[in-house]
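The letters A, B, C and D name the chains in turn, as written, and every chain counts its residues from 1.
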Amino acid sequence: MATQARKTLVGNVDSHVLAFTIGKDPQLDLKLAEVDCIGSAAHVTMLAGLDLGKGPLFTPSEHAAILAALRDIIGTIRAGTFKITATDQDVHLAVERLLSRSVGEIGRRIHTARSRNDQVATDLRLFAKTELMDLMDEGARLAAALLTFAKRYERVPMVGRTHMQPAMPSSVGVWASAHAESLLDDMGLIMSAYDYNDRCPLGSAAGYGVPLPIDRQLTSDLLGFAAPQHNVLYAGNARGKCETVILSACAQVMLTLSRLAEDLILFTTPEMPYFTLPAAFCTGSSIMPQKQNPDVAELVRAKASRVMGHLTAAMGVVKGLPSGYNRDLQEVKEPFMEGVETTRSCLTVMAQMIGGMTANRPALEAAFTTGVFAADRALELVAEGLPFRDAYQQVKANLDALESVRPAAAIAQKVHLGAAAGLDLALLKQRVQAVGRFTKDERKQYYRCISALLGARYPEMRE
Amino acid sequence: MATQARKTLVGNVDSHVLAFTIGKDPQLDLKLAEVDCIGSAAHVTMLAGLDLGKGPLFTPSEHAAILAALRDIIGTIRAGTFKITATDQDVHLAVERLLSRSVGEIGRRIHTARSRNDQVATDLRLFAKTELMDLMDEGARLAAALLTFAKRYERVPMVGRTHMQPAMPSSVGVWASAHAESLLDDMGLIMSAYDYNDRCPLGSAAGYGVPLPIDRQLTSDLLGFAAPQHNVLYAGNARGKCETVILSACAQVMLTLSRLAEDLILFTTPEMPYFTLPAAFCTGSSIMPQKQNPDVAELVRAKASRVMGHLTAAMGVVKGLPSGYNRDLQEVKEPFMEGVETTRSCLTVMAQMIGGMTANRPALEAAFTTGVFAADRALELVAEGLPFRDAYQQVKANLDALESVRPAAAIAQKVHLGAAAGLDLALLKQRVQAVGRFTKDERKQYYRCISALLGARYPEMRE
Amino acid sequence: MATQARKTLVGNVDSHVLAFTIGKDPQLDLKLAEVDCIGSAAHVTMLAGLDLGKGPLFTPSEHAAILAALRDIIGTIRAGTFKITATDQDVHLAVERLLSRSVGEIGRRIHTARSRNDQVATDLRLFAKTELMDLMDEGARLAAALLTFAKRYERVPMVGRTHMQPAMPSSVGVWASAHAESLLDDMGLIMSAYDYNDRCPLGSAAGYGVPLPIDRQLTSDLLGFAAPQHNVLYAGNARGKCETVILSACAQVMLTLSRLAEDLILFTTPEMPYFTLPAAFCTGSSIMPQKQNPDVAELVRAKASRVMGHLTAAMGVVKGLPSGYNRDLQEVKEPFMEGVETTRSCLTVMAQMIGGMTANRPALEAAFTTGVFAADRALELVAEGLPFRDAYQQVKANLDALESVRPAAAIAQKVHLGAAAGLDLALLKQRVQAVGRFTKDERKQYYRCISALLGARYPEMRE
Amino acid sequence: MATQARKTLVGNVDSHVLAFTIGKDPQLDLKLAEVDCIGSAAHVTMLAGLDLGKGPLFTPSEHAAILAALRDIIGTIRAGTFKITATDQDVHLAVERLLSRSVGEIGRRIHTARSRNDQVATDLRLFAKTELMDLMDEGARLAAALLTFAKRYERVPMVGRTHMQPAMPSSVGVWASAHAESLLDDMGLIMSAYDYNDRCPLGSAAGYGVPLPIDRQLTSDLLGFAAPQHNVLYAGNARGKCETVILSACAQVMLTLSRLAEDLILFTTPEMPYFTLPAAFCTGSSIMPQKQNPDVAELVRAKASRVMGHLTAAMGVVKGLPSGYNRDLQEVKEPFMEGVETTRSCLTVMAQMIGGMTANRPALEAAFTTGVFAADRALELVAEGLPFRDAYQQVKANLDALESVRPAAAIAQKVHLGAAAGLDLALLKQRVQAVGRFTKDERKQYYRCISALLGARYPEMRE
């Protein structure tokens, strides 16, 4: 019977064609199931208050029945028994099916004044909202792990490299907190993507609004969005685009991680054994007993390219589309979800790995050769009044004289802001905490809204 | 116990880390399961013939037992009961597990003189081999459908457009066979990728060969490859790269399809109703009863960007990797498989859709305005001796004079090679057939080799 | 003699190799020449105040002489006579050469306590700063043009499309302001990139700081940056990354423009003649007298892919680089500069074109068919109490009944937030003004800093 | 006066708009100037033989005059005095301008029966033809250099690495010839792109042919193309696509080079000092006297991402374009030219660098630790009859026993095809020579055609 309905609504589509057009939606949409229910709860609550002169679209008891049914469906989703069938095609129709089963014809009425277009757009933004909060938390966790490592080995000397070659005295503190600061700046970009995402497209229907006086500000407030997206056509056009904004921020996180990963791969070779990764994060080889391979770091490095591939795909889909909904947008869903999830999992695994990593002080000190001190020595001579070029030549001619320099002493001289002896790790720590505070506040506010909407303590769903 | 083995072989890895490092391999590798068995059959057959002075590594009966066990595993795979567990990590160890269960310790010995690196490289090339043959068949099918359409409407006038605007007289025959010819050229690129892929990496082990006199030419022959890849390090380095070669060819197919799709989307609007798509390939709207949407074409257009995203990801992973195996390469597997599969499914669905499409002659003719005839008229005047610029001005000043021109007459004048009245559709048809002959011959030769190797009629697997 | 110096400093490099390594720097760096002088002014001013116990590095008169020389060089740059020779290799050495010519050996001393690495990083951020301000101004200008168009034709009916097909009643106001709102959101992303960029890397030297107590906060303040970048290694690592952050924001602008361009191309075809582009923005055809081609829109659409290509290139260069300076970063310069410049020029030309565009009311109204009113009618029936499915069927069966609906009446019913009769164009106008205010304030503050630093009214460079 | 013509032909376009639409064409098109003359020579020669019933379009003396004028223009181009003005817009109109100046009105008549669309498409294919031949020559040169290096150090032991860590015994011969073989396979892909390119679009005009019986086979033959492109619309649609096919092949070359570059960067660090780059290919640091930086390798690695960016851009432009010429295609020109040129220059510089590189045998041998011999030893034990797992454990427990193994002995055991002692460098050498023979033959045939066409010995242009 559901099939009949399907056929009536969108025509009698060939089954192979249907399989092609549905694609992976039945799997991917599972991640949207709960937010789809939440979006429906907001929509029906708004409709229930709508006065069209002939009584409300939903009586209070109908409204309550629908909310109860939606809560039940959320229970089903959490129990893992919610399924999206090929007949359903997508999560919206699967939820509608269950709803109709519970509350009959009124279940269908909730589709009034909206379209699957604004529904999925809303779902994706609600999904992104919590994903981005999680991502910020994981980013803060990795930054914290890097800062802990930086603190622990703050003044342990480490050769600074350029062109991958030993160059100048530096420290483990500088190395580790450089990656932390990069990540913190990335969190700023994630936050900017979070703000971009924090607009409610609900009520834009198929991109052209509806001839009913719906209250878009209300649904936006009910769902905890910062504001409704204003223009209805833009609300539709922003689908796909919003995902690329988020993927761009994710790509920045992955760029940072790829460089951290490269360092770890390099600095755990026998030739540059500066760090030791926790054994549980390495794999051996089936054929080479002596190996301890940095597989996790290699995969993170590669996954950076995967996320860039997702970004390329998503941008490519959106580019040059005419205004209004185009089915092309469906193809943004998978790269978007994969890209966000990959980024988050990389942050998590890196935080764990850095947490268990140790630095090898003897190996780090052994890497200091006279040449490494040369540039600094030339600068000192300049400061003593020698012309730069003369200083340079004098150092070059007397590299042996640098043999007695101790690495620790060399870095102790770099006292200015942000150098080995001038790091302000507390400042970075504060930025980590600020990220944590932001997500905590946002979560609290979001949960409060959804709890009020559903009439149950969210996210636990207890009454 | 399998877990124990796992721990012994590659160390005691944290379970979350294991999940991260395994990624989607357990699902993705299912597509490699059958070819993994075939690769193992070739390897063990070669080993069985190896004379190391102390008797062969496998006695004839051990060899036969292993082949029988591999045939059984293939049976399991086809029955859909083959599983790759988290303990297995990948298809190679899953097959090894089943093999050991059947034939005991000798099952493990087949890992002699190879590594998972050359195993997976071989698997991927065998997988790609048949995928590319399928892809060529589907490409030929779509080209044939386009040529049938071109033949059916060969001299039906159609306005040729530039800058998306009506420009000059053309025909449906020109339009449809243009896409067919593009696709046939793409098939040439697929064939070139097929040749690139047709080299056997088996025996390169972890990228540095083995200290045993293995016969790499033999395994290559047994598996039906054109030749072994020569250099063992290159055999390893080519992993990832080979996939990007194939994805590049797929991207070309998708570029062609994306332009065909764009035309179909445009030429089925009410304003340019040149073609009618089969109803079963369109969907309606849940909220707009009058719509017949070209969803399939839109998805194909979008999927072109997806395949480009896969290519970007794969190239990004490979770029700048140091020689020798790096775990990064695992991340090429998914974009590769997805890219090939997407391309094939798009060819299939487009062939079906074009097969059911019709052209609307009245609408096509109605689109001819006087302006469309202008350029041709100017050329005729030039041919009659008028200076080009004068001809151009004369036509511009007398557009009304072109009202009596009949579209069919206009295109009948374009008699030169490849124009509306000079198309050689038979030539293109021959090229379609050549593609079909190529894959037929290749398949036959491949099946013959694998049948001989397995001792069973392949691909049916009957004795 | 300069050549000698060159050879002494970086070795005797083969001239072909030098050409390869220098690449396009001599041309590209011209865009950095003025900011390179400004950066040097800040550095030397800081050094002049540095007390190393043996008197300052520069006496007040030496300091004044260098500032005067830098002002002269800026004069040369503005006069177009500044050149970067192959011997110079890059802008830094070209400026140093001129400086030494003016002030002798003290000119060389300004290289104390810095490296070409932090110099170019600082230059690029100063360059980006003003480029991004220009870009925001141009973005605001286009948004304003779109809003003016929206206001002028606010209630002119326009068929809203989905799947490129006529779908529902909408308005020109909705269409134009949708693109404006998209652009305004993009400006938010540009602003976020502006903040990311607004950190001063000067003093990080080659990425590991210097053994002198330089004052990085001071140089940051002198240059008008919001703050110094803290960690010296991160200051180096952020090169390349900062450019990709900016390119990501540019790519978002281009995505918006590509969709606007696609609409313009489509809606100026004879079949959908909704808009008329100003004649001066169209080109004809050398062979087809009747054509008015939307070349500008086509180029903008294509340039969106160019900017994405620049982003892909830049991200690909940065991905997986080990910490510390790598020469690879040089290859980010061109895609960065090209990407930013392309984005700005597209905004400019589109603002001009939209400014001269007109809407064709009769054609827009003629596009309304009964089907376009169907969805809205179904919704009205629902609001009147009919079950959704029944409403849907009833409308479908009586499309003829919709023939009397007037488009203007149809859109007048869409009164809710952001729909045809519920647009708040004033709100968007305010957002445009806010962008303008932001850049005005930033510019003022930046010019004040640089004027103080150079001892001349900047940017005019009058005393 | 030329300006007048310009205005008459394509309308009165705003000068800023003109600048935007012309873009970099006046510079980029300089590379097409000579082939544009050649293409015109073929077209006019064909027209001169065309019998339209009213005498030929060009008398023999007119034909001769035009050829002479074209030869003169080629002289101008080679003298470096050929200019494309903003009024010209592009190379075609610049050549036409010079031609008209020489031969008057008949100069304009050569535009008969063609369009700038098929002209530029033809130009680009002629340009690509020689570029690809050059690229194959440079590729062969680098492969030869790598093989010479491989031969010179064929049996010098080198630690084979996986996961960037020391893994198994290998040789410099294996390392160098692995990159050579990769490059040779890439040359196969370049050759496939060459074939794809080797079709003549001339005569397709604006994509819809002309109403005159032009002889497209003749112009194709005159220009030395393998065949005309058949379908006129496809001849136009293939523009852009052909460039992406070539860029894909270039990207493969760059992937190979990026991995070679990464190895060189890694293996010239003080920690892994396996190779010494020629001093003339390294740069020092302005601040660090001891450095010898592998800048060339770093730039090559980065340029791989640049070429991928060009590919992404070009594919993005082409994707989803409707059939027929779109102005978007102009934006493919720059990434195409840049991509091909970058690839060629990287091949050239790498061939020179490898030519001067030396291997450091002591350092290479010192890198062998006991662990490196472990896997091979385990395999020997297996070959002696021990179960694999036992062999593995036994080796792991007795790594010290491997201290006496000599690296040279270890690699001497790897006798099978493609391993350290089983390399067939002569085979690869033959493949290098085959590439050289191919380009030599192609060049000869091409020069013969163009010489006949122009009536002068080409490429020298002596009579």
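Quick note on the criterion: contacts are C-beta pairs under 8 Å (C-beta built on N, C-alpha and C of every residue); 3 or more make two chains touch, one makes a residue touch a chain.
Keep in mind it's a predicted model, so treat the numbers as computed, not measured.
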Chains touching both chain A and chain B: C, D
Chain separated most widely from chain A, comparing mean CA positions: D
Pair sharing more residue contacts (C-beta pairs) when B-C is set against C-D: C-D
Chain A-chain C separation of Cα centroids, rounded to whole Å: 25
Whole-Å gap between the CA centroids of chain B and chain C: 39
Averaged-CA centre spacing for the pair chain D and chain C, given as whole angstrom: 32
Overlap residues in chain C, where contacts from two or more other chains coincide: 9, 111, 162-164, 167-168, 206, 266, 285, 287-288, 292-293, 295, 298, 301, 304-305, 308, 312, 315-316, 319-320, 326-327, 375, 379, 392
Residues of chain A defined as touching chain D within the complex: 162-168, 265-266, 269-272, 285, 287-295, 298, 312, 316, 319-320, 367, 369-372, 374-375, 378-379, 392, 395-396, 399
Of chain C, residues touching chain D in the complex: 9-14, 16-17, 20-21, 23, 111, 115-116, 205-206, 278-288, 292-293, 295-296, 298-299, 301-306, 308-317, 319, 326-332, 335, 345, 349, 352-353
Touching residues on chain C, where the partner in the complex is chain A: 5, 8-9, 52, 54, 57, 105, 108-109, 111-113, 117, 160-164, 167-170, 174-175, 177-179, 181-182, 185, 188-189, 192, 195-196, 203-204, 206-217, 228-235, 237-238, 241, 244-245, 248, 251-252, 254-256, 258-259, 261-263, 266, 301, 304-305, 308, 312, 315-316, 318-327, 375-376, 379-380, 382-385, 387-389, 392-393, 410, 413-420, 422-424, 427-428
